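Presented sequentially are two complexes of chain A, the first with chain B as partner and the second with chain C.
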Partner chain A sequence: MTLEVDDLRVYYRTLKGDVQALDGVSFGLRDGEILGLAGESGCGKTTLGKALIRLDGRMKHVGGSVTLDGQVLPIGEDAKMNPYRFKQVSLIPQYSMSAMNPTRKIGRMVRELLESRREKLDLDELHQRLELVELPKDVLGKYPIELSGGMKQRMVMVISTLLNPSLLIADEITSALDVSTQKAVVTTLKGFRDRGFVKSMIFITHDISLTNQLADTIMVMYAGKLAEKAPASTVVNAPKHPYTQLLISSLPEVGVRYADKRLTGIPGNPPSLLKPEPGCRFRARCPLAFEKCAEDPPPVEVEKDHVVACWKAA
Partner chain B sequence: MRRYFGRKLLIYGLTFFMAVTVNWLVPRLMPGDPVASMLARARVAQPEAQEALRVYYNNLFGFDLPWWQQYLNSWGSLFRGDFGISLWAFPTPVADLLTRAVPYSLALLVPSILLSWVVGNRLGALAARRKVLDNTVLPVSYVLTATPYLWLAALMAWGFGVVWGIFPVAGGYSFSMTPSFTWDFFVDLFWHWLLPFSSLFLVALGGWAIGMRNVIIYELESDYANYMSALGAPQKLIRRYAFRNAVLPQITGLALQLGVLVAGALVTEIVFSYPGLGSLILAAIQNKDFFLLQGAFLFIVLGVLIANFIIDVVYVIVDPRTRVGMVGAAA
Partner chain C sequence: MLKLDGVTKVYRIGAFGGQTMTAVDEAGFEIKPGEVVSLIGESGSGKSTIGKMVLRLLPPTSGTISIDGRDVREIGKRDYYRKVQGVFQDPFSSYNPVFKADRVFTMIREVYFKGVPDKEWTAKIEAALDAVRLSPGAVLNKFPHQLSGGQLQRLLIARALLLDIEYLVADEIISMLDASTRIDVLNLLADLKQRGLGVLFITHDLALGNYISERTVVLHKGRIVEYGPTDAVFEQPEHAYTRKLLASVPQLHTKWEDAS
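Right after this comes the complex of A and B.
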């Protein structure tokens, strides 16, 4: 196991109280595994991604633990987390277009970034990786505005993985791209994994069909909790959780872009995460709901590598 | 790049042309006849003598010519560096009065503008970093920027000059001194300079500090700062980038504020009776001295335009984005 997340709880502090955006999520990630993280908007995907690398000022680590390569990550303590960032856990941000300092030449920025982490810049390695993503060497002498959007994104992918992190988090990195570019990004990420630049990866997206092309495993979240986690083909072809089933059946044919529709195929809205009622959070929208659903359904491994949190599935 | 500066120069040229024209126009539209007021001061009794003098003055200043001739002549003399003869300090040429006053004005303006900008930016950057500092720097800065130049200058002149008697309150140097290259004279000069300089410095300081603080806070929330934090870059590096990028809008701010700063300096000079352009302008207005007023305004406009151009050049050097954009446009 590269990564083990155990009963992780991360809340947002707000004036009205805590938003329980990540409420007891557990899962593991093997070496070389790519996990696709799906679920409707606001279910806590970004919160989970951030929790693994850097909590923002409003986030609070309430409970649970994250273990990476046998070390428990001090995710609640910003300064203590620093040594792990970039080297063990890294991130391709959603905002690749503006992720690089606009007033520094890219090469110089990379060098300064590495020096600040006391790492030597291996120029040959960097050049090879640029070549791999089809960027000319001379991008290093350019300012970010001199690159096209796609080039910037590839550059950021190279920077983020330069120190061969064990875990790479990619949050919605394809949402702003056209279909062919999305495919290219997915291929590149797979290539990074196959060459060992990253050991394992969490790929967050709304787009299950895209996830399906890349991920070995798909995890579906609902309202801050894990709903279902299984090998990608199982999730797509034989989902067990009512939410996943609705999600998959509401999809148009695989390959057709639907990201704009944002999984709105299911009637109703997710519950407020401010003071969620006890019981299954999907209850209000679930066609199969019954009395027992007033209790929280625990995640159960219904078959090997297939975890479902639903009373009907167990 | 050349096109960019060409366009800039054209704009500055046009501005200068307009300034000269307006400058020529305004004193001529002001109420009151300068020759008459000068004659009144000359206290000539006999009407014939008075008439003779009027003709003499009108001839000298060119008031008897048609207006367009006067206008063209004013351009002609401008290029000859001839600003006419002062009515107030007759018969001293305006150019002489100006060249005597300009060093004093520059000595106040340049250090106070540059130092308040540099120190204000540093202070603002520090305030953005530490809560304690923020809670002190910010309110003080707000008070300082809200202070009118006139008021702070008067307050300082009154407090340090009149009440405590630490600093002289008038003049560029003591009346008992004659300008010379001696240590004593320089100390005296410095002593007279310190108070007007400090008041200018202080009023301008607050605005820069507030601006810098806000821009830095914005920069530290920006995507590149978040990305670097996520990759574990130390705060030191992130702050260095943020400071560097935050300086850019501050440079633009400097260009925009230049006029205000100069106006503030003129007022301050008047309060401290400092022998710069501000005091000259006051004298010119009080004595309806067209030529002096024209000359002083022209110097100021020219100075502000030159300073603006320098800032433009500096900006292009400092911000790679403008430079890259220009190269891109040329290619």
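Right after this comes the complex of A and C.
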């Protein structure tokens, strides 16, 4: 196991009280595994990604632990996390277009970045990796503004993985890209894993069809809790949680026409996480809800590697 | 019928407008009443520029846009916007956060329905909200931040319906919405065509275009590369670019490796 997350709770501090954005999530990640993290806005997927690398000022580590390669990560303490960042846990930011320092040539920026981590720049290795993502060597002598959006994205991907981190977090990195660029990015990420540049990866997106192209395992979250986690093909073809089922059936695919088959959404909205009521958080929108749903459903492994948090599925 | 004929838009770029960029090159297609036409293209293909020209937010450099055979430039803007309205991508920035969301209705009333008595106006709003499946109690008298993205988008469609519009330009209206609610807004658009509304559905998502439209226009670098009935475009794409685009779409039940 590369990563073990146990009952992680991260709340946001607001004037009205704590928003329970991540409320007791547990999962593991094997060596070489790519985990696709899917869910709607406000389900806690970005909070989970951020909790593993850097909590911002509003976020508060309330409970639970994160273990990476046998070491417990001090996620609640900003300064103590520093030795792990970039070397063991790395991040590809969503807006890679603005992620690079505009006042430095890229080569100098990379060198300074590595020096700040007391690492030496291996120029041959860097050149090889640039070649892998089809960037010419001379980008290192250019300013970020001279690169196109797709080139910047690839450059940031190379920089993020330069120190071969154990865990790479990619948060919504494809949401601003065109379909053909999306495909190239996803293929590159897979290549990074296959070549051992990164040991394991968490790919956060709201697009389940895209996750399925890349991930070995898909984890679906709803309102700060884990709803279902299973191998990608199981989530797509035989989901057990009612939320996953409804979500999958609401996705239009090429070939599905309104005239032939009318898809439906899920009525209602996710609950407020300010003071959520106890019990299953999907209860109000769930067609299968019954009395027992007033109690919190624990995540249960219904089959090997298939975890569902629903009373009806267990 | 809304018709575009040889519409070209050239932007001036660079310092002092010294260089030019052709965003839309000789585009021509038509939208019939009661029909959804989807306009598909990647970023920079000129799809939003076409939407803005139809909404007369930008003048075309050359070519004509006509409605029922009449050049739109001959129609006054006030009359034109009674027939053609638009809804845009970001529901959160379409509203002024200082005012309540239903102010968009009041603004319509001030311009077009000054003499209408309150009672009649309330009935009109209720009918429009009913058409977009919103309950008046849930959305009226609320600030934009109190409503969800899907509700805000539907409110904007309801605003357009108050005017008895004939054509709606929907520019990426559901790309900011969540998967579980976007399909309902999409179904709503498809239902509106039964009222005789013609919709120009601008999107980069082929699956969505395929789902609701009768005809599809594929744009590439400002040029129309494919135009025809949706079935034909998706089943037998003639242009290499359309084929490439279709091959890149992530499909839920097929992996890219298996397809190639």
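Throughout what follows, the second predicted complex is superposed on the first by the 303 of 314 C-alpha atoms of A that agree within 3 Å, B and C clash if a C-alpha of one lies under 4 Å from a C-alpha of the other, contacts with A are read in each partner's own complex, and residues count from 1 in each chain.
Everything below uses one rule, namely that a residue touches a chain if its C-beta (ideal position, glycine included) is under 8 Å from a C-beta of that chain, and two chains touch if they have at least 3 such contacts.
Remember, it's a predicted structure, so these values are computed and weren't measured experimentally.
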{"item": "Chain B versus chain C as contact partner of A:S250, first or second or both or neither", "value": "second"}
{"item": "Contacts of A:N164 with chain B and chain C, given as first, second, both or neither", "value": "neither"}
{"item": "First (chain B), second (chain C), both or neither touched by A:S26", "value": "neither"}
{"item": "Chain B versus chain C as contact partner of A:I266, first or second or both or neither", "value": "second"}
{"item": "Which superposed partner A:P83 touches (first chain B, second chain C, both, neither)", "value": "first"}
{"item": "First, second, both or neither for A:R104, with chain B first and chain C second", "value": "first"}
{"item": "Which of chain B and chain C A:T67 touches, first, second, both or neither", "value": "neither"}
{"item": "Shared contact residues on chain A - chain B and chain C", "value": "none"}
{"item": "Chain B contact footprint on chain A (complex, rising order)", "value": "53-54, 81-87, 90-91, 93, 95, 98-105, 112-113, 116-117, 143, 145-146, 156, 159-160"}
{"item": "Residues of chain A that touch chain C when the two form their complex", "value": "40-41, 178-180, 182-183, 187, 206-210, 212-213, 236-237, 246-248, 250-258, 262-266, 269"}
{"item": "Residues on chain B engaged by chain A in the complex (per definition of touch)", "value": "222-224, 226-234, 236-237, 241, 244-245, 248, 319-321, 324-325, 328"}
{"item": "Residue ranges of chain C in contact with chain A within the complex", "value": "42-43, 148, 178-184, 186-187, 190, 204, 206-208, 210-212, 230, 234, 244-246, 248-253, 255-256"}
